[in-house]
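Structures for review follow.
Each of the next two complexes has chain A plus one other chain: chain B in the first, chain C in the second.
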Partner chain A sequence: MRAYIFRRLAQSVLVVWAVTTIMFFMFRVMPADPTAILLERGLTDEARQALLEQWGLTGSLWDQYIAYLGNILTGDFGSSFLYRKPVWEVLTPLIINTLWIAVPGLLLGAALGAAIGTAVGWAKRGGKLERSGIFLATIIRGVPNFVIGIALLTIFSSTLGWFPSFGMGDPGETTGFARYMTLDFLHHLALPLIAVIIYFMPENLLLMRSGVVENRTEDYIELVRAKGVPQRRVAWHAARNSMLPLITWLFPALAETIAGIVVIEIVFSWPGVGRELVLAVTRQDYPLAQAAFFLLAVMIVIANLAADLIYGKLDPRVVYK
Partner chain B sequence: MKQASPHTPAAIRGRSAWSAAWDSWRQVMQDSFAVVGVSILLLFVIIALTAPYLAPFDPFKAMMTETGRLARLRPPSGEHLLGTTAFGNDVLSQFLHGFRVALLVGLVAAIAVGFISTLFGVLSGYFGGWVDDVLMRITDVALSIPTLPFSIVAVALLGPSIENIILVITVLFWRNGARIIRSAVLTERERVYVKWARAAGASHFHIIMRHILPNIIRVVFLWVTMSVAFAVLTEASLSFLGLGDPTVISWGQMLNTAFSSGNLRTAWWWVVPPSLALVMLVSALYLIGRAYEEQTNPRLRKR
Partner chain C sequence: MVAVASPRFGQRPASPATLAELEKLTERLARKPAAHLLVDGLSIGYSTLRGRFHAVEDVSFEVPAGTNLGLVGESGCGKSTVVKTLMGLQPEATQVSGRALLDGQNILGLDETALRDVRWKRMSLITQSAMNSLDPVYCIGDQISEAILAHEPVSKATAWARAEQMFALVGLPAGRLYEFPHMFSGGMRQRAVIAMALALNAGLLLADEPTTALDPIMQSQIMTRIRGIHAHLRCSMILVTHDIAVVAETCENIVVMYAGKVAESGPTAEVLESPLHPYTMGLKNAFPRLPERGAPRQPLISIPGVVPNLLLPPAGCRFASRCPFATEVCHRVTPPVVQVGAQRAACHHTDRAAEFRVAAARPETWRTMRGAV
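Let's look at the complex of A and B:
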């Protein structure tokens, strides 16, 4: 077990190294000169040279790569071209904003999907509930997340006027955690959160349904039924055993959520990491884009690691080697 | 290599991947949801092929009124069946051209991803060894790359064009397919009939083409269907984020223009057609994919 954790950790470090290397080549080799954008703003040659040095863009590619790895190891991603301050100062508050819609959205989507998926999986094979459940879930799964966002915006914000369409609300006098506990904030949170829930529910639903269908014909279910346990409780037995794949799915999904809600953040102008990545890319603010991308990649590595370790704890059949 | 003559026993001769593909297709068409999906897909392909003839106007041309002013945000009328955009373009013409982009991206992604995934999946699953090790390390890394952020950065750096978007989609989605196909090959490889065929002197190539491939072809189809859906979604998302190819019209771009010009609420005729078409196309693909999924997982079949 300990050897397994050690190996998995080493593997994760390797993956992070590989991702940073890919990133190095993506950002250094592809654009001819990352400072070109700054030059247009009328920089002198000396100032340009100073900038190149500041961002580690001088010397051979190999020297640059070594300097770059050193910077990442010390957590130094440089300064944003646009904001003129260290990228972490820009990104740190945004991480929390993203998590605010990602984590509750994913958990609620998973819970709702699991509940409906159990009902659909337990329903009569080929019956009305099963067929309409599968059909609707597949259709909703096919709705692109920006279409969900646009639909929600048009119906609940523009037409009915129930929810604001833009941003996170005015923080006013409150600071720190208190700002997230205001009605205004929750009011702004509602629509993006619903969009994330709708986006993640169908996949959970179908996964749970498959699990329940696979489990319902197992012998242990027959046994539970033979004991005279009511139907509802029998379904719960099958549901509990179908949750394992859902949990393995949940962690990588959290990472993919953080990545996938980029679009939802854009639609609702929610100031998160994903939206900042898109803005940084379109403004050619490479240090910021690079750090935002790195952040998202590391989140996925950590989530995958956590899923593997937790899965083994939950399922005694898994043997670590 | 021993040539498979008609006198070779069936167990060694195997069957061709084509006949296996046809069997699997017939089985999928038993599923009524898949039939709905295939019908929608067929309709979309016909529209895409005939779009230049169906479109009443040049999708990029700005329409003028009789008084010589830009025909902005005209609601649907006899002249413009789906109205006009904020820039005076005919929505119907743009919408029809959108079919071509969506299906082109889907088709190329299907061929590229299907071919690469199958090649790598079969090689690494069948031969194992260092090929397998290298491939699995590569996919380990590839699976840790956040898909949409990667496409955003890559397309922005390479330049927004339809070729680059397709390239990025291919780079992203072969990895999952290769893994899935590899595990399917791993289970097939251990089957007794493969050992028998090998013992009877069949070559590796023969075994792969006539034993392994026919048995994993439904897994390949499942993955190809899903990658077409992902490809269409990725192109639409990138275009919606403003990273689409400016020289063509896609549904994601139409929505981006409607969204960024602030006309979501008023110009429903501009927003609804591309949204609906995207939902129909991706859902149709998922409906077909689901039928293959039921097929590849025997535990899901009715008992």
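Let's look at the complex of A and C:
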């Protein structure tokens, strides 16, 4: 087990290294000069040279690469071209904003999807619940998530006026954690959060349903029924066994899921990492973009590792070698 | 200090409360009487893509309290269907008619809630496919105690202690309670399923081919164990098997099924000694271990042909296409059930049974099927 985790960690480091290297060359290969955007603000040639040096953009490509890796190892991603601040200073509040919609959104989406999927899978075959459940889930899954976002905005914001249409609200005087504990914040949070839930739920629901449908005719379910335990408990056995395929899908799909959250952030103008990442790329703010990509890569690698370990916890047949 | 298996931690010194509760539980369960079962006119129709058919038709038999009934017949004749339906485990669209009185209460057509009171408490099941009958993600101890906790108001610790008792009964070490099904061999899983079936000392035990999936040595070991346990617990039992010899040793009564119907039933000794139905004669002579008393060793016979398609059951006697003694009437008219003493057989020619028995002992009779004697 320990050897396994160690090996997986080593693999993960390798993956992150590969991603950072690709990132390095990608940004160097792009034609535009990163200082160009600053030129409009009337930069002298000396000042520009100084900036290039400061950002590690002088010297041979190899020298730049070594310097770049060194910086990443020490957690130094440099300063944002645009904000003129260390990138972490820019990113930290954005990360927190993203977590506010991503963590509850994905957890609730998975939990609700699994619960409803179990109910639908356990329901009478060909019955109303089964048919409407599959129908709705399939439709929602087929709709691009920016459409879901726009639909939510149109209905609940423009038409009904229940929720604000963009942003996170005005923090006013409050700072720190208290900033997130205001009604205004929750009011702004509601729609993007719901959008994430709706976006993430159908796949969970359908996977869980097909798992339960498959498991409910297994011999072991027959024996559980024969034992005379409550129906709920029988369904739970089927659900518990159906979680295994769900986990194997859930975590590797995280990259795609994150892309979906980026779209939702943009639709709702939610000031999160994803939205900033897109902005940073269009603004050629490479340090910021690099840091954001790095963050995503690390998250995805960790998620995959977590998936393996959780799977092992859920399925006693798994041995780590 | 007495050590018992406990949830999560392995063997632990039991708390006095647990021991007291366990003792009370054991006493309570030991007082459960053997159950009486009367099945009357049971018909079971499955819906399939190719249409509706009766897997079981008009089956009647009785299991007096404290006795064993052997249910035998070729593969596909509906034995498991009967057993599952008694447990209320038939698929959703199945049509069930007739009655099954368990201690006077009809248990067919009960809803899920009412069934919970019958299942495992009054009637438990040893499944045919023990290899796949255990949930792969729970340890065995959890699965046995789940059954106990569903019906008895005891603590989890007591349920585990009871599970350990059952493990001892089937000869498995308590430490194995913490293991998962995939860590068990086939024989051990079978024993675990038996332990589970015994956990609440139900009045009626349904054992659906408890040994078929095992090797012959394991088969006889498990059968010996079942007999031993059974003698000890004195419940009633329906034993489904292909092995006539096992029935002869274990069961007071026998029901021989053919293509969804009862061919012959009655006290085992009488049915096997002097079968009335040609199918029983064939079945009996197909087994090596029952030479006729005083007679030279019988050559083995095999019954040619296959079971008819139940989707389109033939007119008349269902065995007619394979019966060496079939006459014209057999192919046309459904045979009546004839009672001779305590024996009942569904055959047109029970009056010629003595003559048939002699002929049926000769393998040529079954090889040359001319449709008449």
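By our rule, the second predicted complex is superposed on the first by the 301 of 321 C-alpha atoms of A that agree within 3 Å, B and C clash if a C-alpha of one lies under 4 Å from a C-alpha of the other, contacts with A are read in each partner's own complex, and residues count from 1 in each chain.
Assume a contact is a pair of C-beta atoms (placed from the backbone, for glycine too) under 8 Å apart; a residue touches a chain by one contact, two chains touch by 3 or more.
None of the values given here were measured: they were computed from a predicted structure.
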item	value
When chain B and chain C are modelled together on chain A, clash or fit	fit
Superposed arrangement, angle subtended at the Cα centre of chain A by chain B and chain C, nearest 10 degrees	80
Contacts of A:125 with chain B and chain C, given as first, second, both or neither	both
Touching partner for A:240 - first (chain B), second (chain C), both, neither	second
Per-residue contact with chain A, leading partner among chain C and chain B	B
Which of chain B and chain C A:263 touches, first, second, both or neither	first
First (chain B), second (chain C), both or neither touched by A:314	second
Touched partner set for A:292, first chain B, second chain C, both or neither	first
Contacts of A:160 with chain B and chain C, given as first, second, both or neither	neither
Which superposed partner A:223 touches (first chain B, second chain C, both, neither)	second
Chain B and chain C, minimum CA distance [Å, superposed model]	9
Doubly contacted residues of chain A, that is, touched by chain B and again by chain C	125
Chain B-facing residues of chain A, complex	11, 15-16, 18-19, 22, 26-27, 30-31, 125-126, 134-135, 138-139, 141-147, 150-151, 153-154, 158-159, 206, 210, 213-214, 217, 255-256, 258-260, 262-263, 266-267, 274, 277-278, 281-282, 289, 292-293, 296-297, 299-301, 304
Contacting residues of chain A [partner chain C, same complex]	124-125, 218-220, 222-231, 233, 237, 240-241, 244, 314-317
Chain C residues touching chain A - in the complex, by the definition given at the top	84, 87, 89, 92, 112, 115-121, 124-125, 127, 129, 132-139, 146-147, 150-151, 180, 182, 193, 196
Footprint of chain A on chain B - complex, ascending	33, 140-141, 143-150, 152-154, 156-158, 229, 233, 236-237, 240-243, 252, 255, 259, 264-265, 268, 271, 275, 278-287, 290, 297, 299-300, 302-303
